[in-house]
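Shared between the two complexes below is chain A, which has chain B as its partner in the first and chain C in the second.
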Partner chain A sequence: MNSFDITPFLPEVLMLILACLVLMIDLYSNDREKQLCYVTTQIGLVAILVYLLGQVNIEPVVAYGGTFVKDSLSQLLKIGIIIISGVSLVYARVFIRGRRFLRGEYYSLTVFAVLGMMVMVSANHMLSLYLGLELLSLTLYAMIAMERDNKLGVEAAIKYFVTGAIASGFLLYGISLLYGVTGHLQLDSMAKALAVEGDFSLVAKFAVVFVVAGLAFKLGLVPFHMWLPDVYQGAPVSVTALIASAPKIAGFGFAIRLLVDGLEPLAIDWQQLLLVAGIVSIALGNLVAIAQDNFKRLLAYSGIAHMGYFILGFYAGDNGGYAASMFYVLAYALMALAAFGLIVFMSRSGYEYETLDDMRGLGRKNPWYALMITFVMVSMAGLPPFIGFWPKLEIFRSLVASGYWQLAVYAIVFSVVGLYYYLRVIKVVYFDAPEQEFSFLPSRSIRFAITFNCISLLLLGLIPDSIYRYCLMALS
Partner chain B sequence: MELTFQQLVFYGFSTLLLLSALMVILSRNSVKAVMFLVLCFVATSGLWMLLQAEFLAVALVLVYVGAVMVLFLFVVMMLDIDIAARRHGFTKLLPLALLVAIAFLFILHWLVGDNHFGLEQMEAPSDHDASYSNIRELGKMLYTDYFYPFELAAVILLVAMVAAISLTFRGKRSRKSQDIDKQVRVTKADRLRVIKMESSSSSQQTDSKSDEESNENKDKEQDK
Partner chain C sequence: MQTTLLTIVLLPLMGALIAGLFGKQIGERGAHGVTIIGVGVACLLSFQLMWGMIEGDIPNVNLTIYQWGTMGGLSLEVGFLLDSLSALMLCVVTFVSLMVHIYTIGYMKGDPGYQRFFSYISLFTFAMLMLVLANNFLQLFFGWEAVGLVSYLLIGFWFKKDSAVFANLKAFLVNRVGDFGFLIGIAGVLYYFGSLDYQTVFAQATVVAAEGATLSLGFGEWSAITFICICLFIGAMGKSAQVPLHVWLPDSMEGPTPISALIHAATMVTAGVFMVSRMSPLFELSTTALSFVLIIGAITAFFMGLLGIVQNDIKRVVAYSTLSQLGYMVAALGASAYAASMFHLMTHAFFKALLFLAAGSVIVGMHHVQDIRKMGNIRKYMPITWITALIGTLALVGMPFFSGFYSKDAIIEAVGHASLVGSDFAYYCLLFGVFFTALYSFRMFFLVFHTKERMNADTRQHLQESPRVIWIPLVLLAIPSVMIAWWTAEPLLFGNFFNDAIRVQPEHNTLAMVSRQFVDVWSFALHGFQTLPFWLMMAGLFTALLVYVIKPSLSESIANQFAPLKRLLDNHYYFDAFNQKVIVPITMMAGKGLSKFGDEKLIDGLAVNGSAKLVNAVGQISRKFQSGYLYHYALMMLIGLLAASIWFFWPQLNV
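Let's turn to the complex of A and B:
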């Protein structure tokens, strides 16, 4: 009997302890704002982040009966997830202050969601992969419905819950078939068993359809995207800021573990499925976004299009393509966080600047934050020198390198289509006459975080290598 | 070919399972559907018993039938579901749905049927001897190889609890209820307050006297 080593999953253990600690503090704190819970959460997140930053470049360790893996990829994704979630909490604190939320639970549920995402990205086993996903989803269902007296929120939560449950069903059915075919649930042994050509290759392909469908549901790829705009619109904006950003990173980790680590021998099959989903997502996302007047729905459809670009990196099917996808998802998470953070920032109790008309003339009233919106929009459209440009370039490059230049041309054409609605937002902000006074959340922390978040889009865009180098390292 | 006892049990429970599963989706009354689901679980637990998974079989009956489904039944009985309204428009899509379902059934039968998972490809599970304990095997698996997923499942349950409370908790309510402990512990000082007052004036005394007289009069009238 060898001794038990806790160090591989120490960050997860610490995260769980943090979540329970926040729950306990919430219980004994009489403060209505639950400041102590917030401070504890942020300190805990920063501490775990520092611990993770200390060991980025490591040899892969598979531990705990093969259910857990710790490698550079998982460490990097965890770092990304924690940073994004921490910033989203900065936005959330001020947002929930003026609304009827249970504050302590909001913080602890966020920590549980982070834990679920961390489990997902460092899973080496179908069970831990699935349980991490459920942990994340369950937390998000609750957080969407958390705001009292918000009927849209409850509706969004139920929609998300039902579609999420169906997706989980698909995923589990696929996994059970794969287990029947290979006799393994551990991802690497599953890949080994699948590499041997057998009588079961047809069943395995059938299983891949279900697994990919479940994955597409969770990522919000067409044709499984219907929940996304309603959820983004109905959920409290601070929760949307979380849903639209960090879980996408976890989704990338999930896809890499499941498809590349576990189902590599069937790459030809799942690549075709992802290709179709990606192509349709890019077209539908960009075209429908043009017709949107609601800013949140516009961002939701643009998110569908972004996920389409992101998944094309998997079609390229080599490490360069996966690295490009990873870069893409990290950049997208940062941009989505900034976009929804701005909506949080411009909200006030009982009212949000939701439609595009609400933002008319912001450029004349408040040039600085209009500039911030411009940064986000231009970056999302994928223009240099912002961060949104480089991952798109990498995706296109890896597609061309793998010989799919037609696909790259198609994606570029729809990027140009997408430019229209991003620029329309900028036009509304700068060239329309203001109709009302703008008020922002009166908080220094959120003002600072927003500015930091938006400027980082520009700064990281000037030195894209700072992130991309690590993506290449993680997937080499 | 004659049926062994085990085969008889297997086919009996399988038929029961399929029929009750069919009835879950076909019965018009949702309470009946829940009851058929219960029957489904019971039949499944019978099948598990045949595989010598006695702990799982008992847990299925105890947990799902005993707790979850009863709770479910309460919820279904409390909801006022208008079945007729829900059925509206159902038949319009029925041909398409049937087509998809039947096609899917054929694909399923072809893929996971006998030609892939038949007895030629997969051996029948061998019988364990009498010393085999399902609980011990499960416990060993859960607490050694699978302790990480096991703990994760525990965390998910914790989150479910926190989430359920955060969705339903509406703050402390000021309800008027008895607290027996407080009532027993009460002292004279809690209830009775002795206040020193100035000696009353003569006019008040006369008032009170007249009050007393009127009261006496009323009493007399009632006596009559």
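Let's turn to the complex of A and C:
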């Protein structure tokens, strides 16, 4: 401990500096648009991204008294998180310009959220894990309520905050029980201690239930999903675009660290819990999504179903399954970002195209963005050659490879059910008669970002290996 | 060898693709240029192959080009089988196709679908080549359906004409009936032989026949081979327009004349004949199937020839003549005279394409008037068309020394020697068919090229010989129509040219019996002057001369005297009426019933909409749980946690 080496922690430190810098600029800037804050944020994110890209394939380093780990997995997840968050800021900038937001704080809060997610995926200790999670959650609560005169937003924030607090309680309680059983908080030591059959194995099991409940809440798995539709609908869309995408990636990191690194010996127990949660999520998400008329709620329920598929990769219980899950969550984050980005794009001051009826006849009025919506929907439905198809395939394959073919069949059947509401969106867009003129946000940057985002779904789908290769590498 | 074959097959396809996809860019000249070069090169290569095979330089080839996939032990492949049979077909198809391509430049001049037409006929050539070169049933079926598709497209080429659309639909539907049988036949082959490869199947044929596999169809036991052969032949009946599946061919004349020549006379309709010849190792094992083939062929040959007499549309006369000639070929197949059948196929391809193209030339000259009652004395205006049409007619009626004589005489003789059930009936059908062939052929010839001029003055003014691109193919086709048999009759009919491809049981070998009288082609022709067919033919010629030229009033009084017969013929034996009044309503009723009950109620109502409704209902109910109240959410979380805990610890608590 004599020489303090800052290198492993450098991206996080830089991110913190960036957040403070943005706050400072906000304070002394007279510009209503806070252009400088935005530019600083984006430059900072890109710089840290470039730094991370330079060291993807590295040997794991455990540092700072075993609280922090830096390995390929954490690097890759951080890269994903930063890219997604950066793009979401491109959407957000134009969106908040026309509304009453505290613009500078929006940017700094986003940076804090990113910092929280980065800590989560790099945690090697229960405390750092929890710290990252809370940093993320608290910033998100604030961001949801940022549009202060929007009643829905405030309501959503309260709901999220209260239920989130309960979930945090579950998680902390579970952690404290585990500490009691093992005497450790560092994840790898905890795993070692749990591997030895002790007197308190029943208590450890009990702790797993609580810990998994906390995790399930973050991911939005049934029955801890209730906040999700309300938050997705109530929050400002640009915030939803962030919540629906990057934190899912962090959630994956959280799950890997907590369950695989820390609770590996209890895999049988948490796998069962996740399996049930996954199965129910797939069914409920897909079925209820059918009954939705609100596009945002539809996407929320579809997100619940997606998380159900995603978590099945953990049930396979091997690196192939985890890699499939990682692939899934990265692809989903990209798709969710595109979907909510499109809603951002189609909004204008005081009005959003949020119900399906609002999108009637878009295909005739604006074929290009109708095509983009089609890309997103088809990709989410999991049809080749879009990116959404491949991770699903990998999940199913890992399930079949592990001998759970019934589960794969079940998941496929509900994929077909899911197809119904995705295609319904496409039907509304193309086959219903337009009722109104469409006007989009008049910004070149967002138009470019949306097109780039949607087309990447197709391009990455054509070369699925480009992502999957790294997922396998990170988890081997 | 592989490259040569691939080049032959793929050049027309390439031409079709270029002319079809880039027709606008390359223009009319580009379209006919690229397709003619493709087919021309394919034709040259085919003749080179043929020459090599005759000389013995090129051995038979059976190669697999591409394996599409395997299912269990079954291999699905694309492969080529080059032997005497396919080599002959290659030459016939590419040569006639080339002539038709050239002719089309003149015939379709100024048509808005010019490029499309060239694309189609080139595509047809590709499909036909795939069919004849196939070395397995799968590829055969591919080619079979592909030529059918192009035929459908071309009959309806002028898709704005209602009659053309009706005709192509009819052709398509009737062929479906045949293809259904064909497909069952192929399935039978797969079931009993376990393979779709020709060589494997033929090698096992005698074994399977000896095993005496039978199947019961509800009306008696059938030997497997007989069943397969008859099913395959039903396919041939559709494609080669045999009674009662012949009804589409006359209507197919709605298409442009060049394709009537290429597809509906020279090549595609002979696919059935080719297929049965190819399957000779199977058909030889079933006398029942051979009898069936023989009788169907004979009926078609005689009764369709009869119909030719009452037609007034120039193309329809030739179409019925085609039907009748196809009947001759099929009858020859039934008599195991496969070689004679293939030989007639070849000579017929030349002279019938010639007749069609000559008819087309007349039609161009007459500004698309096709009624022979409005023609007459065209010889004066179109001498080249006249002379080539005369050659075609003489070849068709079987005048000695013309190519048609050799093939037709061989067929009649062979059928005369056959000893199958119904062979006597078939023999007389074919024999008297000759009389009617001569009658309708010369009736048309006289009415078009001789007798009084009956066209209107305006047409007459513009009547002149067709341009060079039209008459050159006529002349090029006229040459083989006269002479091709002089060199080919001996090796093809009585020699051993086909020995590698066609298998004939010694006891069926009718051609061998015919060959006993054969010395050389000249004496064979001279002998022809003394035979009954020759005199029947002359009788037909003079009847036509008498009734239509010397004393035209006679035809009307004959028609009046035989009014019921005339009515029967005018209505084409009521085949069309029967189909329209009986078959179509029954099918429509069945289809509507199935669609109403089976599709709308059962599949849509119960399976599709039913499950969708169920899913929807579940969705509607589950959304009620999302009440919006915060305490519900918290409660839900607690219930979830509690349920998980209980599920985990229930076993422990009980212990």
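By our rule, the second predicted complex is superposed on the first by the 475 of 476 C-alpha atoms of A that agree within 3 Å, B and C clash if a C-alpha of one lies under 4 Å from a C-alpha of the other, contacts with A are read in each partner's own complex, and residues count from 1 in each chain.
Here is the rule we use: a contact is a pair of C-beta atoms (placed from the backbone, for glycine too) under 8 Å apart; a residue touches a chain by one contact, two chains touch by 3 or more.
Remember, it's a predicted structure, so these values are computed and weren't measured experimentally.
Colleague: Regarding the shared-chain residue A:A289, is it in contact with chain B (first), chain C (second), both, or neither?
Modeller: second
Colleague: A:F206 in the overlay: touching chain B, chain C, both, or neither? Say first, second, both or neither.
Modeller: In the superposition, A:F206 touches chain B and chain C alike.
Colleague: Please indicate which partner A:L127 is in contact with in the superposed arrangement: first for chain B, second for chain C, both, or neither.
Modeller: So A:L127 only meets chain B here.
Colleague: Using the touch definition from the top, say if A:P60 reaches chain B (first), chain C (second), both or neither.
Modeller: neither
Colleague: Now for A:G180: first (chain B), second (chain C), both, or neither, which partner does it touch?
Modeller: first
Colleague: Should A:L115 be classified as contacting the first partner (chain B), the second (chain C), both, or neither?
Modeller: first
Colleague: Can A:A142 be said to touch chain B (first), chain C (second), both, or neither?
Modeller: first
Colleague: Using the superposition on chain A described above, determine whether A:P223 touches chain B (first), chain C (second), both, or neither.
Modeller: A:P223: touches chain C, not chain B.
Colleague: Do chain B and chain C land on any of the same chain A residues, and which?
Modeller: Common to the two interfaces on chain A: residues 202, 206.
Colleague: Which stretch or stretches of chain C touch chain A in the complex?
Modeller: Where chain C meets chain A, its residues are 612, 615-616, 618-620, 622-623, 626, 628, 630, 632-634, 636-637, 639-641, 643-645, 648-649, 652.
Colleague: Where on chain A is chain B touching in the complex?
Modeller: Interface residues on chain A, with respect to chain B: 9, 16, 23, 64-65, 67-68, 102, 105, 108-109, 112, 115, 119, 125, 127-128, 131-132, 134-135, 138-139, 141-142, 145-146, 148, 177, 180, 199-200, 202-203, 206.
Colleague: For the complex, give me every residue of chain B touching chain A.
Modeller: Residues of chain B touching chain A: 107, 111-112, 116-117, 121, 144-149, 152-153, 155-156, 158-160, 162-167, 169-170.
Colleague: Okay, in this complex, where on chain A does chain C touch?
Modeller: So the residues of chain A in touch with chain C come to 158-159, 162-163, 166-167, 170, 202, 205-206, 209-210, 212-213, 216-217, 222-224, 226-227, 229-230, 269, 273, 276, 284, 287-292, 417, 420.
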